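As structure tokens, here come the structures.
Look for subunit A in each of the two complexes below; its partner is subunit B in the first and subunit C in the second.
Coming up: the complex of A and B.
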């Protein structure tokens, strides 16, 4: 390698690196900001249109009034991760005479969303909540009552502002806070 | 006599010892090699013999397929290669569709969406390759860059499928969700952004004089050896053999998109990096074409197969695709039940493993990580 070739190659590398000093930073402060790329929609299955709605596949949301206790979700999940077990819930449910509903063990769930595809009664959805860490395994077992309520707001300390990714050829990729 | 010691005093296996040479066992738990053991024999600091020892992360994926139906098999089959989860799903789904006899019912839009996600995954996987190769070279700038630029496409994939890594997006009969609003614009922006970044990667890795000194002429694989050893994918093309399943045996709608297959003659470590940079560029071209076709395309994305119809007739099916690491193929036999009778997965990493002893021979110990990683060997994929 000639000395001039070496020098020009080396200077180009340094220039490429230095340019990043003036570019915006791509990383974001995680617990304070959260990227939610998908539209604000629940992930759910539309049998009529044979498709899923676009949404992140996070914690499930169960509609207790629509669930018939047909066990299709449990049967599907048995071959996947075995996260779903049916449990009995006290109370009157006109569509669900036996009163059995799915409970989901998030220590096992792989968030494939195929249980949502299996539910033909429009009762099971997925929310964009992915922060499910707990101190012990038992707390990861969510009963039907728990998954029928929308996810709780995260504690104030880690309450996230939603961010979106801006792709700019000149200034680089960076995140800004989402408007809504 | 020297033994491989698991704990002091417990001898597991005898390592071969040659006169005046030292045998080193790298792995199985090693940040560089992945979960996989590599036994090298060195003379001074030159490798005289390298012996890959796969199987540490064997999960029995093929056996697991026999107790699950064609839909339940989707999530676990992604696990061997989560970096390229669409790459491993693609041949499985094609073979499953053939055996379920719904091959002709797949909507056109679904075929394009499959190509789109497969190319996303190729880029994501190649960026990961560049990141690890860079850190083996001591080049932490490119490690950070590729890890960050990977995110761009992973976020887009999450927008489309709902998950960032394990998409579970392909199903027999089509794909699971449609293009969300704003996706086409954001993807075209991402393609423009990544194209501008690729020039910088080229400067940093290929035109960089230090990288040239480290990688040019190191770990050379000749075209003849590559063919004889059955190398596949970018490693084969880096040795000058133009062989890409997307061209030689077009599947899905790959024959309707334009791209070319980059090749290099040298077959050294540097050309295996160059080929991946080129492939990212080609994939970005495919993504752009497909996204433009999808813009405004109407129609269903899935031919819904009801649970009872998920029963295949007795028979067999075979499908192969070009995954990020090379030819990936599935062979499914059905005996007429709800579950496959036998599933055989042929992964590119398993085929490329045979290159390790050839490439590492006469390489200096300091170069072992970069030559080893330059073939993009992924132990979990090879062990299945």
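Coming up: the complex of A and C.
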């Protein structure tokens, strides 16, 4: 090997190493930042168009006024993981005379979204809330009252700001905070 | 409740009263804990929660998500979780990722007994929390919390890196609210969870 070849190879290595000094870091600083696809977009099924709407498949959201207690979600889930069981809720519901609503065990749920597809009354949706970890196994069981409320805001110190991924060839892929 | 039955705390097995060598060791341990707990307890716990070394017991696809969480985009090492470990006896966090069969359960218990106190465990994925897709299977353990104690449950099939990191935040909040021996004084609420 000639000395000039060795020197040019050495310089190439140093140059590619130095380039990483000016590159932005790829890491998404999760508890402060989060990539959210679109605001308030729920995973659901549109019967007229026969297609799913976009959205992350996270915690469910149940509409108590639309649910008729037809058990279609439970029947669908029985073939998969058996996370949904119907429980009775006290109160008067005009569309649901028996008053039975799905309760979901998130220790069993596999977030496949088939219960949302099976719901022909547009009562079941999925939100983008994925922070479902618990200290207690029993706390993973969500009753109808719990899944009928929209997910709570995260605590102030870990409330995630919305970020988006920028693919920059010169400075490297990185995340920036979204304005809107 | 059910999970506490499997917990064996070797450090607490020395008697505190009576005579003999074991009782002397027990009394000495109490004195050392009392002298360290009040001035240095917070510092000890703080250093513990940012140097969690996990044993990742990877038996199914959840391990791919832990790999993604350790990668460049989510970077578990920001929280002090170093995935490359030397020995089980240097680790203090057991991450159970995936389906645990009845044969694997024996090995899992051996791994758990080998780890020194204080130690914590995370059940990640539906399979090891409750059996998941293998509900009513003849050879899959229907929830590892029947055998060993679990501190944090992370649901999902498989859980995304975001869920795993949130479960880790919960575990860090539990550790900072523990005493020097690693026993939780109280469990923080879901609204209290914050970056420690």
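Here is the rule we use: the second predicted complex is superposed on the first by the 158 of 180 C-alpha atoms of A that agree within 3 Å, B and C clash if a C-alpha of one lies under 4 Å from a C-alpha of the other, contacts with A are read in each partner's own complex, and residues count from 1 in each chain.
Rule of thumb we're sticking to: contacts are C-beta pairs under 8 Å (C-beta built on N, C-alpha and C of every residue); 3 or more make two chains touch, one makes a residue touch a chain.
Note that this is a predicted model, so its numbers are computed, not measured.
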Partner chain in contact with A:43 - subunit B first, subunit C second, else both or neither: first
Comparing the two partners subunit B and subunit C, which touches a greater set of residues in subunit A: B
A:4 touches, of subunit B and subunit C: first, second, both or neither? neither
Which of subunit B and subunit C A:92 touches, first, second, both or neither: neither
Partner chain(s) touched by A:131 [first = subunit B, second = subunit C, both, neither]: second
Touching partner for A:26 - first (subunit B), second (subunit C), both, neither: both
Partner chain in contact with A:80 - subunit B first, subunit C second, else both or neither: both
Partner chain(s) touched by A:111 [first = subunit B, second = subunit C, both, neither]: both
Touching both subunit C and subunit B, counted on subunit A across the two superposed complexes: 26-27, 80-81, 110-112
In the complex, subunit C residues that touch subunit A: 3, 72-75, 78, 126, 129-133, 135, 143, 145, 150-157, 159-163, 165-167, 169-170, 174, 187, 190-195
Residues of subunit A touching subunit B in the complex: 1, 5-6, 9-10, 12-13, 16-17, 26-27, 35, 37-39, 43, 47, 49-57, 76, 79-81, 110-114, 117, 126, 165, 167-169, 173
Subunit A residues touching subunit C - in the complex, by the definition given at the top: 26-31, 34, 80-82, 105-112, 130-137, 140, 152, 155, 157-158
Of all residues in subunit B, those that touch subunit A in their complex: 67-69, 71-72, 74-76, 141, 148-149, 151-152, 155-156, 158-160, 162-163, 166, 168, 171, 174, 176-178, 180-182, 186, 189-190, 192-193, 196, 200, 203-204, 207-210, 212-213, 300-304
